[in-house]
């Protein structure tokens, strides 16, 4: 990890020293995680955890959803996502881009049961919501990049460091500044 | 345009019939446009306007900004953007993805004067704002796709068709449902 | 499905008619499958099952392993695979290519427990084996192509249609022709 | 700039130290440039000027044309170009490759006025000429690479260092050696 | 060949009807060809001759050189070329792009004997010349595209249809119009 | 070669020091090679021999075949191959992947004479065999990667280091363990 040699910003190992551990992670993806404040937890295994993934264009994640929890609206700037439900039920959807009507910002959604599969195309805003008030849900998702990135809309727009000016956001969202300030808290 | 043959969803022409007009658009990019409700107007010339762009991975746009107008927070799911200011001043920025602190949702911004150049990396949320209360601004932007797409955050999250459930959004943005309803109006 | 318009050989839909079902498959990935003669069963959800995956570069699979069953040595000509164990234990490995010694045809292997993650780089021969004589195992795997392909070595080399000449194979594997004939049965 | 770590030959920065200036250049693209001996001046902003462009696949340029000046026949080995006219008029064109007749070396040209857009496909020989004997012209061009390269035909063929043998060039251009020598001066 | 379905502009076959002939061409690459007026002949086997090459990114060519013949300065807009000499001797070279001095339009050349290998990077102007006044030469070249394209500089610049204006070319090559007219004949 | 700077794992040179030798190899591809135990010899010129090939996506090889010799069943994990016969006759073929019947593991083969061209698509198992008991054969092959890799099936499956368990292989190939042991010797 101290090597000065990097590809895509990640350390490269001498091929003579590569072994099975460079393609392995004891990731405990079978274990439930504690949900965050919106009721979900994403455990992503990407090139940061498995160095051998570099340049190979894929990563995998376990997602836990508390009852009524959600993986809130977000995008992956460099990956398409494919997801299957392991436990529970998920209400999922994505919004199309600013195409001409009638496709402008069309919201495509679906209720997924255990074993169903759904695709979120690269760069589109999407979310998953567990509609069950009593039972958690679990999904496995895969992403078409070893470093897909994730942008949670609420955090990036209303929680950046430093904050985006409330003047800008008030006009962008066509509301008063105090509404923006409330969202930024 | 009635041909059944398409690549990337766009009609392909018989190579024997290709001529200079397939690489040309009288786009009037020198002409000011009427700003929309947030004070901007994007005139994008992509593969929909110039069929010869198909597979070539680039497009160009003129952006007009009214005084205090903005091109509100948005992403391009399939393109990086590079922009130069033709007239006026712009305050621009983008927010990094959910990286580990201290890089988590870092807001990088800059004031651009005439002739300055700025880059918005693929898929990241960005905006441009004209801070001048009296003068309009104009920029030329180029995008690294013949069909970059654009997702205006406010419209996709709070203005989709049909709307995303206000239950989901209230939790995602950690506010009351009536705040979401107000944003959705 | 009768449209004459295809990209990558798959039918393209009019964007105006796209809906959530084009990104969805009721795949029953939660259900065990009957193992084949070597004790495994791969249920792959790719662009053949979800048309919306076309050009998006990812697919997902459930793999069932009987006690002592295996997903036998095979390659994916167009994809890297990342796998996590849902149930049971797997002994997995891949063989490196004809590099100079000491890396020539090096066999890298690992025992995976529930929740572990392993990567099989694009085009390399790999397998998974369930070493438990009493319990089945289950894995979810993702592949970096919407149409990864799979080549089971035993079938492609000794079970092709028509068969490869046993003269050729006897010399290739440095054994007598009757050994090849036995393998081809 | 002294870091030993490079991607694509360019220095990589520690992500923790990245800031807005890595995506910015005070390029003065609003300012006219002094034309060269054929009456033009290209100011290209690529990864050499903006380090953050690395791997992002785009660059931008201002081109100035003196009255009757030209950006002489050239190619970009790694990029398509899209151009719009800011000031004046341009006569532009490109030549198709050695396809079968009647498409063999077809010259496609167009007169562009202010606000028009034209595309020069990757690798094809193209030029822009200002036909106005009294007024300069200005264009903004974008290229689909962070390091597109440019090969001016006259300079590469007749002005290389060392020169290409006049024997070779005389036969290639089907003229006498003294014509080549004249061109090489 | 009458199918309306194309990828990259080429007809696609029903996978069920694909056979070995779709990957084969009786190309007679062992047979000498009659040289053209500059003393060479390129026999390229690309996706036009072998339909199965589509999307696979490679093609191959035999090149014949008469004594003192040449494959004149040209570029491949979409491919790097690698070449080996089968018979005779070749003097080969390419010119670098408009980089800052001392690399500006540097001419890199080499004399190749039988069995030697040389690389011409994508998009750069290059040529091969047979310096032997008595013996022909033969090379096999491979290109990193199923449809690499070729642009012979002399033909594209001075022999296009219609011709490029001699006013433009005179200034570009810094010579008198009658020299251009002579080159265009 | 001691530089700490690498791209794709290979040393990068300062552009100011690049010269023609970085694109050249005195490879002696005109010289016959001594065949290995299965009667062939592959002389591959890739990025290990020519540093300038890095990122350019192509390589070239001479293949010698003894009478009744073969280049045994193998795959290239990162390249399509195109081949032409220089001397003798070759019986060549490849096997399609596990597609639905009737295309499942279809063996497509062809007899090639001097000057014929054949294509082996990326990642598929293929071989070449010289059916002539008295005469050697020679081919030139090109591959669509500067580092295509090669996996000889017999060596990777039955000759890896350490060996794959004969339990696993016996079941995979549906034979007794002593047959596997015989193959592994």
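A, B, C, D, E and F are the chain letters, set down in written order, and residue numbers restart from 1 in every chain.
Basically, contacts are C-beta pairs under 8 Å (C-beta built on N, C-alpha and C of every residue); 3 or more make two chains touch, one makes a residue touch a chain.
On a predicted model such as this, the values are computed, not experimentally measured, just so you know.
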Using only Cα atoms to place each chain's centre, name the chain farthest from chain F. B
Per mean C-alpha coordinates, the chain lying farthest from chain C is D
Between the Cα centroids of chain B and chain C the separation in whole angstrom comes to 40
State, to the nearest whole Å, the distance from the C-alpha centre of chain A to the C-alpha centre of chain C. 26
Inter-chain centre distance, chain A versus chain E - centres from mean C-alpha coordinates, in Å: 47
Among the residues of chain F, which ones contact at least 2 other chains? 4-5, 7, 15, 93, 102, 121-122
Chain F contacts chain E in the complex at 15-16, 18-21, 23-31, 45, 49-50, 52-53, 56-60, 62, 79-82, 84-86, 93-94, 99, 102-103, 108-110, 112-122, 140, 142-144
Where on chain C is chain F touching in the complex? 37-39, 68, 70, 72-73, 75-78, 91, 93, 95, 97-98, 102, 104-107, 121-125, 127, 129, 149-165, 168-169, 171-175, 179, 182-183
